[in-house]
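Look at the two complexes coming up: chain A is in both, with chain B in one and chain C in the other.
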Partner chain A sequence: MNLQMEHVSVGVMILGALLVLVAMIGIVRFPDVFCRAHALGKGLTLGLMVLLFGLWLDPATEVSGLKVIAAIFFQFVTLPVASHLIARLSYEKNLPRVRRR
Partner chain B sequence: MIELLLQIAFAILAAALLLGFYRLAKGPTVVDRILAFDAVVLCAVAMTALLSRWWQSVFYMELILIVSTLGFFGAVAFVLFLQRSLPYGGEEAEEADKEDKP
Partner chain C sequence: MRSLVLNVLVAVIWLLLQSKPTLLDFFIGSALGFLLLFLFRPVLHSGDYVRRVIAANVFLGVFAWEFIRACAQLIRFTLFVPVDRLRPDFLIYDVSDLNRLEILLLSHCVSLTPGTCTVDISHDFTRLYLHVLDCPDPAAVRASIDQTLKRGILAFTR
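Up next, the complex of A and B:
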């Protein structure tokens, strides 16, 4: 049972790492600041939350369960706030943005 | 088996970190660089979580909290500073103004 949980936790962590990679590809490939802030605020938040959830599932480190939940909550609160501040700054300063039809 | 999977996860996160450094070096505006720096710090946080899993240690949770806090407050401080000093339209507009005036 413990071995199964270890494999499940590592699989969930690899899923989170893949989500982080997808968010970073979005940050590189998207054309302007607003799209990049979107990739940061949604993709990286989900990736880090899934990765820390995989850490929480691990049976060897489960004594630190409440701290992992606090870290997940902290990511959930702060990352969208930073992304929103960045997008609002670039909207106020009228930074260049793409318009395509 | 588990170590191999953790190494794969480390490789994925290292690729994500390199992509973040690419955007940090290339970013057309300052705001892009702030965003890329925040993303790089969060990749480092994710690698710390993986390291904590690999070494079966619980002492890295404080490090995760502290480093993500530092990245967040760095981004907020940069944004609040640039709200006063960044010219309207970005740096390119200011440079164009300087070229027009003389």
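Up next, the complex of A and C:
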């Protein structure tokens, strides 16, 4: 049972790491700052949440369950704000952006 | 407010009854307290609280689904769609009939739902400036925010 839980936990953590990787690829690929803020705000939030959830499933770290949940909560609250701040700053500074109609 | 205190009180009493209280027990206790408030709502006048809690939970479910959809869309745009095909644009969303807390919740949720990201708000708190990753039709984006997020948030704040 414990071994199975460990496998599930590792699988979930790999999934989270892949999501973070996709977010990073997005940051490199997208054309301007605003699109990159999208990749940061969504991909990184879900990626880190899934990663921490995998850590929560890991039987070895069971004692710190509440801490992991608090960490997930704060990732959820702060990361979108970070992406919003990046987008807002580049809007105020009038950084170049891509438009296609 | 009184109903919330009662609900938390029942949850704490449930925790005290356990020999080894865990986080799960707290949620079970909260659910039991909510059930009591639901059953005795004519006596305790907790109908409004019950309605709000149910609406908030429904919104949580809707939002989680939107969040997962947003990430699926982001993965699609990142890996499978050529970058030249994206049509990023700004969009103005009218929030003049919401109060500050509702605007805060809405802008946070907008940042996490498919294709949109909050950029700025006008000085008089009436217009949100959003950035949309792929925006062939601004009216459709506005309508989807109206129907999913705004309606869900208003259901439990009013």
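What we mean here is this: the second predicted complex is superposed on the first by the 100 of 101 C-alpha atoms of A that agree within 3 Å, B and C clash if a C-alpha of one lies under 4 Å from a C-alpha of the other, contacts with A are read in each partner's own complex, and residues count from 1 in each chain.
Going forward, a residue touches a chain if its C-beta (ideal position, glycine included) is under 8 Å from a C-beta of that chain, and two chains touch if they have at least 3 such contacts.
Since the model is a prediction, treat every value here as computed from it, not as a measurement.
Upon superposition of the two complexes on chain A, no clash is found between chain B and chain C, which fit side by side. Of the two partner chains, both chain B and chain C are touched by A:37. Of the two partner chains placed by the overlay, only chain C lies in contact with A:80; chain B stays clear of it. Of the two partner chains, chain B is the only one touched by A:52; chain C is not. Comparing chain C and chain B on the residues of chain A they touch gives the larger count to B. Of the two partner chains placed by superposition, chain B and chain C are both touched by A:25. Residue contacts after overlaying the shared chain place A:14 against chain B, while chain C stays out of touching range. In the superposition on chain A, contact is made by A:70 with chain B only, not with chain C.
Shared-chain residue A:98: touches chain C; no touch with chain B. Our summary of the superposed model lists a minimum C-alpha distance of 13 Å between chain B and chain C. Residues 23, 25, 37, 81, 83, 92 of chain A touch chain B in one complex and chain C in the other.
Against chain B, in their complex, chain A makes its touches with residues 6-7, 9-11, 13-14, 16-18, 20-21, 23-25, 27-28, 33, 36-37, 40, 44, 47-48, 51-52, 54-55, 58, 60-61, 63-64, 67-68, 70-71, 74-75, 78-79, 81-83, 85-86, 89-90, 92-96.
Listed in rising order, the residues of chain B touching chain A in the complex are 1-2, 5-6, 8-9, 12-13, 15-17, 19-20, 22-23, 28-29, 31-32, 34-36, 38-39, 42-43, 45-46, 49-50, 52-53, 56-58, 61-62, 64-65, 68-69, 72, 75-76, 79, 82-83, 86-90, 92. On the side of chain A, the complex with chain C involves touching residues 19, 22-23, 25-26, 29-32, 34-35, 37-39, 41-43, 45-46, 65-66, 69, 77, 80-81, 83-84, 87-88, 91-92, 97-101.
Against chain A, in their complex, chain C makes its touches with residues 23, 67-68, 70-71, 74-75, 77-79, 83-84, 86-89, 107-108, 111-112, 115, 117-120, 129, 131, 133.
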